[in-house]
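Just dropping this structure here.
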Amino acid sequence: MIIDAHGHVTAPDKLYVYKSGLISHRGAHGRGSAGATDEDVKRALNEPVFGGSSHLAQLKEVGTDMQLVSPRPYQMMHSEQPKLVNWFMEETNNIIAKQTKLYPNVFRGVCGLPQSPGVSPQNCLAELERCVKQLGFVGCLINPDPGEAGGIATPGLGDRYWYPLYEKLVELDVPGHVHSAGCRSDRLPYSLHFINEESIGVLSLLNSNVFKDFPTLKILVSHGGGAIPYHWARFEASSLRQPGATRFSERMRNIWYDTVIYSSDSLALLIKTVGADRCLFGTERPGVGTVKDPRTGKWLDETRYLIEAFDWLSDAEKKMIFEDNAKKLFKLDTAAPAAA
Amino acid sequence: MIIDAHGHVTAPDKLYVYKSGLISHRGAHGRGSAGATDEDVKRALNEPVFGGSSHLAQLKEVGTDMQLVSPRPYQMMHSEQPKLVNWFMEETNNIIAKQTKLYPNVFRGVCGLPQSPGVSPQNCLAELERCVKQLGFVGCLINPDPGEAGGIATPGLGDRYWYPLYEKLVELDVPGHVHSAGCRSDRLPYSLHFINEESIGVLSLLNSNVFKDFPTLKILVSHGGGAIPYHWARFEASSLRQPGATRFSERMRNIWYDTVIYSSDSLALLIKTVGADRCLFGTERPGVGTVKDPRTGKWLDETRYLIEAFDWLSDAEKKMIFEDNAKKLFKLDTAAPAAA
Amino acid sequence: MIIDAHGHVTAPDKLYVYKSGLISHRGAHGRGSAGATDEDVKRALNEPVFGGSSHLAQLKEVGTDMQLVSPRPYQMMHSEQPKLVNWFMEETNNIIAKQTKLYPNVFRGVCGLPQSPGVSPQNCLAELERCVKQLGFVGCLINPDPGEAGGIATPGLGDRYWYPLYEKLVELDVPGHVHSAGCRSDRLPYSLHFINEESIGVLSLLNSNVFKDFPTLKILVSHGGGAIPYHWARFEASSLRQPGATRFSERMRNIWYDTVIYSSDSLALLIKTVGADRCLFGTERPGVGTVKDPRTGKWLDETRYLIEAFDWLSDAEKKMIFEDNAKKLFKLDTAAPAAA
Amino acid sequence: MIIDAHGHVTAPDKLYVYKSGLISHRGAHGRGSAGATDEDVKRALNEPVFGGSSHLAQLKEVGTDMQLVSPRPYQMMHSEQPKLVNWFMEETNNIIAKQTKLYPNVFRGVCGLPQSPGVSPQNCLAELERCVKQLGFVGCLINPDPGEAGGIATPGLGDRYWYPLYEKLVELDVPGHVHSAGCRSDRLPYSLHFINEESIGVLSLLNSNVFKDFPTLKILVSHGGGAIPYHWARFEASSLRQPGATRFSERMRNIWYDTVIYSSDSLALLIKTVGADRCLFGTERPGVGTVKDPRTGKWLDETRYLIEAFDWLSDAEKKMIFEDNAKKLFKLDTAAPAAA
Amino acid sequence: MIIDAHGHVTAPDKLYVYKSGLISHRGAHGRGSAGATDEDVKRALNEPVFGGSSHLAQLKEVGTDMQLVSPRPYQMMHSEQPKLVNWFMEETNNIIAKQTKLYPNVFRGVCGLPQSPGVSPQNCLAELERCVKQLGFVGCLINPDPGEAGGIATPGLGDRYWYPLYEKLVELDVPGHVHSAGCRSDRLPYSLHFINEESIGVLSLLNSNVFKDFPTLKILVSHGGGAIPYHWARFEASSLRQPGATRFSERMRNIWYDTVIYSSDSLALLIKTVGADRCLFGTERPGVGTVKDPRTGKWLDETRYLIEAFDWLSDAEKKMIFEDNAKKLFKLDTAAPAAA
Amino acid sequence: MIIDAHGHVTAPDKLYVYKSGLISHRGAHGRGSAGATDEDVKRALNEPVFGGSSHLAQLKEVGTDMQLVSPRPYQMMHSEQPKLVNWFMEETNNIIAKQTKLYPNVFRGVCGLPQSPGVSPQNCLAELERCVKQLGFVGCLINPDPGEAGGIATPGLGDRYWYPLYEKLVELDVPGHVHSAGCRSDRLPYSLHFINEESIGVLSLLNSNVFKDFPTLKILVSHGGGAIPYHWARFEASSLRQPGATRFSERMRNIWYDTVIYSSDSLALLIKTVGADRCLFGTERPGVGTVKDPRTGKWLDETRYLIEAFDWLSDAEKKMIFEDNAKKLFKLDTAAPAAA
């Protein structure tokens, strides 16, 4: 079974028309609703997207059996006015919930949180609980920079600022998936901001007391852990200087990594560095990698085949990556839910 | 003939999906395009909107023969990053151009400008020229507060800051339609910000040298001139104190006013105060007034009938308001264009 | 009997010399005092002002029997340092108290509050109590924008921020008179800022829970309610869209309006729109309207005669406007106080 | 003959009523005028002030023959909006001009400049020329901190920022009198801000190239040179460390100092430190020192007698301080002007 | 016996290498340590410095028997990140502690506090207690402007903001030595900022209730009290205007002054103005005054001889200045500590 | 021959004492000098550092024949006041120049530039020319974020902002070595800021016109190119979407990469991804990696042996990495200079 732990919602246009309205009327029209029907949701998943076939077809094409879908991060607009963020996150999560209900064999939901820079994540707990308890979501995104590189800095993920969220995650026994969102800086696109923020997030977490204080906290980091698996030895050096400290490379095994990287050598580096038992298969498909390489005629995000081709991985290890780790981390019941 | 001088585009969803993308990727995906086809544009005009029938049907229902359409002001996002504003304004104007081409008997275009707070309106002249010369637009919106009440103040319309725009309007012989856009303040909704900004705009213009310096400049003010026709005598008092100054009430006749007001007494006040020869019929239909009053069973924006019912207006005066003034101000050729 | 509900103090020069000192030494000279004697106060009221006769004479000329006097709003300098504002407000209120004591048949006091942007109105309650309980004031001004358009925004009048003040007003059973003060923006003069802020204040109040939470709260809005009676139908439209909501036009009757407008048609619009039972006669005389129109030879603020000329108003309704509403709202004992 | 080189205008109340209006209407009432007549000016100089007799009488009481009068510094409000500063400085200078015309044997004018923080002193040259060439002023005040300790820093007096002003002073051959004005900081009163700013000004000037670049520039520093004559050796130490540098104590003789200090020992220190040929008698009377010491029964600002009592000063040196230095520095023609 | 109450540490280079690292890695290398050994500390005190002989030799050369040493103020960097300030202050105090332990006959410690602008001095109490109770320090520096003229203002020393510190000083019965530190402004060097801040500090303290609220609080002001002993009569004038107020000159005797002034006349002024019983001998040697005057061949900071030469001071008064006042204020046990 | 292209100066303590002084007196002591003698410089290079032997010994231990030394980046303090930055950069470069002169067989200099956020790099050209033409440096560091994550953003390396520097580099025919410096953010240490800024720099450069406009510009990126060689395929995807665009992976070969990575797998990934002909051996030794791994008993920065152990690299390729590429890029004359 192939589980793609990192996918983003292909939502009906209505969601973005709704968003466009929100940031224009700024609440003057009231909360309103995207008004997306089941039909809208189905159509969105069955129309061609990202230069390829439909979202559902794209999953089938590469044999993905189940995908965890979360909001499109770059659309989350966490640095906007909190009231608007709240409404938009709820609508987005509602659409994801509809998808998981309409396609119970295919999708599981990972919700977005109404994070706001300068506001305690305490404000996210209600929506997190609603999604997990009422809508059956199996995890949530954590944006380490809700200020979107726009002036208001948020403490690193190792800071006690985040503890209310970690407490709730532990209580609900669902993982947090670290994934930054928009980027207001002119110096870099959001896509690289993802990578940089993941590096910051991983370093901050691993150099903190978070996993001492929350031994059962489950954290998954996107895009192969940012730059850390490539530069880990740089931070190993620092840890070796601290008497009595655990090696950085050992601490790295406190978290999980998804495989959203589109080249074979880099995938190999990731898996060898953190261990197959810490990797979850992920593609973001359809997404940034959904483009065909004219040289090979293949989609960049067909990374399943790259991993399957690794002869230095045992079948058991591959199964971990493709299936077991995700099931364990997200406590997935891959049998379609009866009713929910 | 009934000409509605103040209408806003009913655009395909794709325009707002495009906008939502722009403010999320902030240019990282490139300029791109809303990708709205003629079919999309037609569909948008023929689907039910604003709780009533379609845009085109709504015009017919009240007998509007021609409507001047401009961007939905609250969506213009002038306080966003200039590059994004530019792209979005172009796309919006392009869709309006499509509408005027597809329905040459019904629509004429009034373009939006890529205004930015703190930036000289010099930056708008290229788009204004493109719209007027290449796309056949008959005027433009002027947002007196491109900062959208968000911290960066823009000089009043009487300030020399605006002269590059006035020079171009005079050169092209098209009017500027004063209409503010979004409002970032929590203290008031954009809809009231419109009114307040129109009051500021009118006062600033009339207490300046603009009409001495540009005797042929044509300015139309939205929503019955903000609060000015209600409070004009307050400013008359000031003018009477200045030796040799023209009375404020006389200066008020340097500009035009549209009738986007939804109550009979207020419409009467406007017309009596500024003169029928200074009023242009306008409804914003479909728009804020497109709601049925359960007491009367009528749409609030069916204001045509309110004006027609004024027995103190001659037929000639009514024709001025409904037709002649608009034709003169916008130099409308109401015969459908042959090819453009 | 003619009661002018909206007049401002004609203070001795010493008050403004005092103010000029305060904002220069910024407290280094201590609190000090304007040092205005009864004689100073009398002289100020009996010297020619505003291009006409004296304040007292001007009242007589138009037959005003009683006037409610408050601080000159544009002088209140609420955006200055709180300590200085406090001292200046006290001095101003003290001079008003002297006037009401010296001319008990003519004046009643409406106090200014030491409002400061960013500071809870809690800080105003002591001065309000002092004025009402010790000095016999019958109401207070409320400046909805103590930041004076200068950068620090204050929540709308519908916000809970204002509740401490509303509670005290209800407890003391005196009305708050909404009237903004100075304006630091270069885009508009304070005189138009008054109008815009009144519009914002009315809309914020009427779209809030204030009158549900304080059913006995009494609010009077200056200058005929800003732009709202001219544009009410625009907001009616919004209210009609909200299922179960009270119409905006009905909510408008939760507040009172003064008639400080200087043209007949606008006065008529106001009275017809909100009802004679919601209007209080007011002139600001001597003030902005104290200028003679060379065409008519009349002062603009002789609006008494405009209202008296309305043949569509009954005598009882006129009496409401000129007398009864003010007496009721401010609980005026128009017999001169024995001792106070 | 006793010349008091440092006195401030005792202006009619109308000037401060005018100022109070300016900062309240912020230009909305137009420039207007203080409207002070010759009678007003005379009355102001002949009414009791500062707890003593009238300004003119106070001069006579201590035998002052001539006084150089400038604006009251703490009232100059340089950190206000430039347009308002301009108007107020002109009005203040006009009143001083009236005084010098009405009392040509007693007063000479030292004008205030319309300085603004963040604006080049270039903007002051027109008013300086007007005062010197048209109104017969003999010098000007220089406020080294027009930002009034309120956030906008102004370069030190040794910076090229000030060169346009120095060029004009040299061209007109009049001295600049260093005297700071208001102080917006809560940490210190304006009166101590004077002292601190004078210290900063002297140090900045003397450690710069100003007197190399403008060898004929004439600078008088208020209040005995701030703290510098008390702490000069601290700065001498630094100068001794710089190879080839002129000693600080020698550079100190590039400027002049007034004797506005109210204790005998301090006056002695000043004169001994900088030399009698560098001191100009000054009192600010009536001003801060116009208070009687109950122990001695004398006014603190009767400092003439303190200096006269110095037996270590020759008569010629005393004459320098009381008369000659002022005549030379300000090129005073102490015969009353014929017509001016 | 000659006690120099105002000296600053001559620290090993390692302290400043440590500091340079701190502000560069900003904590990333951890707290670390300057790592200065006893040998380093000794060497620093025995190497030539400030253009003369060694610190210890310089003391001997002028016969100083004991010196109170505190951190070099301009190096204290209070406006840096609090964590870094804390570490650096601790290291600096530790080095001073080493000096006092190594040279128990010569040095006593006055500690620096980890002050931060915008942070209550409550944060300094732990380090103050550590220094006094564990390390035997006899007092502390108080920087009245931890913001270092860099934008964040700190309330004046008379403000209740400082009360937690005053309470602790009273409890520990040690004096606070007012001495500002760095200066980020381009308008003045830190050396003059010292003087200005001392003036502000003295005025704020003496015009407050501090000595009423803390009658046993002991405050020593650096550099002869800033400008106050030169300008005291200016503030005496204000006090004479306040009915019932204690004269400013009497209040001046609530605090102590050190004699860090390098000219005879100024020293005389200080001692005569505040009284010999309020003066503590101080030199800052080696420091700003450690430079030889080529004219006299003497170091500027050999001020001992200037004071000894005052024939108007009795021997008892000189002993007060050189020895008794310091012993009393700092409770000095000038016998070398047995073990500490 | 082994050339280490990335080393940082081991400077005498005096340099950091000098720096500590600069940021404390902020120029008040004048420019001064670190005053480091040849002896100081030699001693610094021959004393144990970073927990190992001396700098020179550490090079020998791993057989490094020549090292390019530049300033310690985290010490460069580019976000400080420009005057101070300038002085410190000059002193640092002077010390490097001394090293290269004293050890002409071992060191070549790469200078630091006095960059300042918000200031055009035009300000760096004089120092760059001085270093290259007068002192024989072979390249310079380029800090892509002179604001040090402290609030002032600098345009990406692809922006025209940098063109003056690129022009000069081309003119002098020396490479720029991209390496960020300090980091004021609390969210990440400077060491990770290096990595993130390198990623931003590479992406900005490769997605710009820089190499079209400057085909001979030579850019070396530190630390294996940040995260880019690990995540290149993510950006390849974007390039494949742009019609006619060169593949990102091809553009990657416009720049050079050093091998400052401390793990074998990551080194392999780098070399395989960008090509051996684009890699320059570098270690930063002594530096972050100079720590012994207790498991292996080896220093982390003995990476020479990791590369030598790659059996998939030919000897010629290894020689490129260790020697040829550096010689070519920096035009190294590895024979010791005769005199320079």
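Per-chain numbering from 1; labels A, B, C, D, E and F assigned in written order.
FYI, a contact is a pair of C-beta atoms (placed from the backbone, for glycine too) under 8 Å apart; a residue touches a chain by one contact, two chains touch by 3 or more.
This is a predicted model, so every value here is computed, not measured.
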Can you give the shortest number of steps from chain C to chain F, where adjacent chains in the path must touch? 3
Go through A-B and B-C and name the pair with more C-beta contacts between its chains. B-C
Can you compute the centre-to-centre distance for chain A and chain F, using the mean CA position of each chain? Integer Å is fine. 35
Inter-centroid spacing, chain E versus chain A (mean Cα positions, whole Å): 57
Mind pulling the residue numbers of chain F that touch at least two other chains? 189, 191
From the touch relation defined up front, give the order of chains around the ring, starting at chain E and going on to chain F. E, F, A, B, C, D
Quick check on the complex: what are the chain E residues that touch chain F? 13-14, 16-17, 19-21, 23-26, 28, 72, 74-75, 77, 182-184, 189-191
For a test of understanding, state which residues of chain E touch chain D in their complex under the given definition. 51, 153-156, 185-189, 191-192, 195-196, 199-200, 203-204, 223-224, 226-227, 229-238, 240-241, 261-263, 265-266, 269, 272-273, 288-294, 300
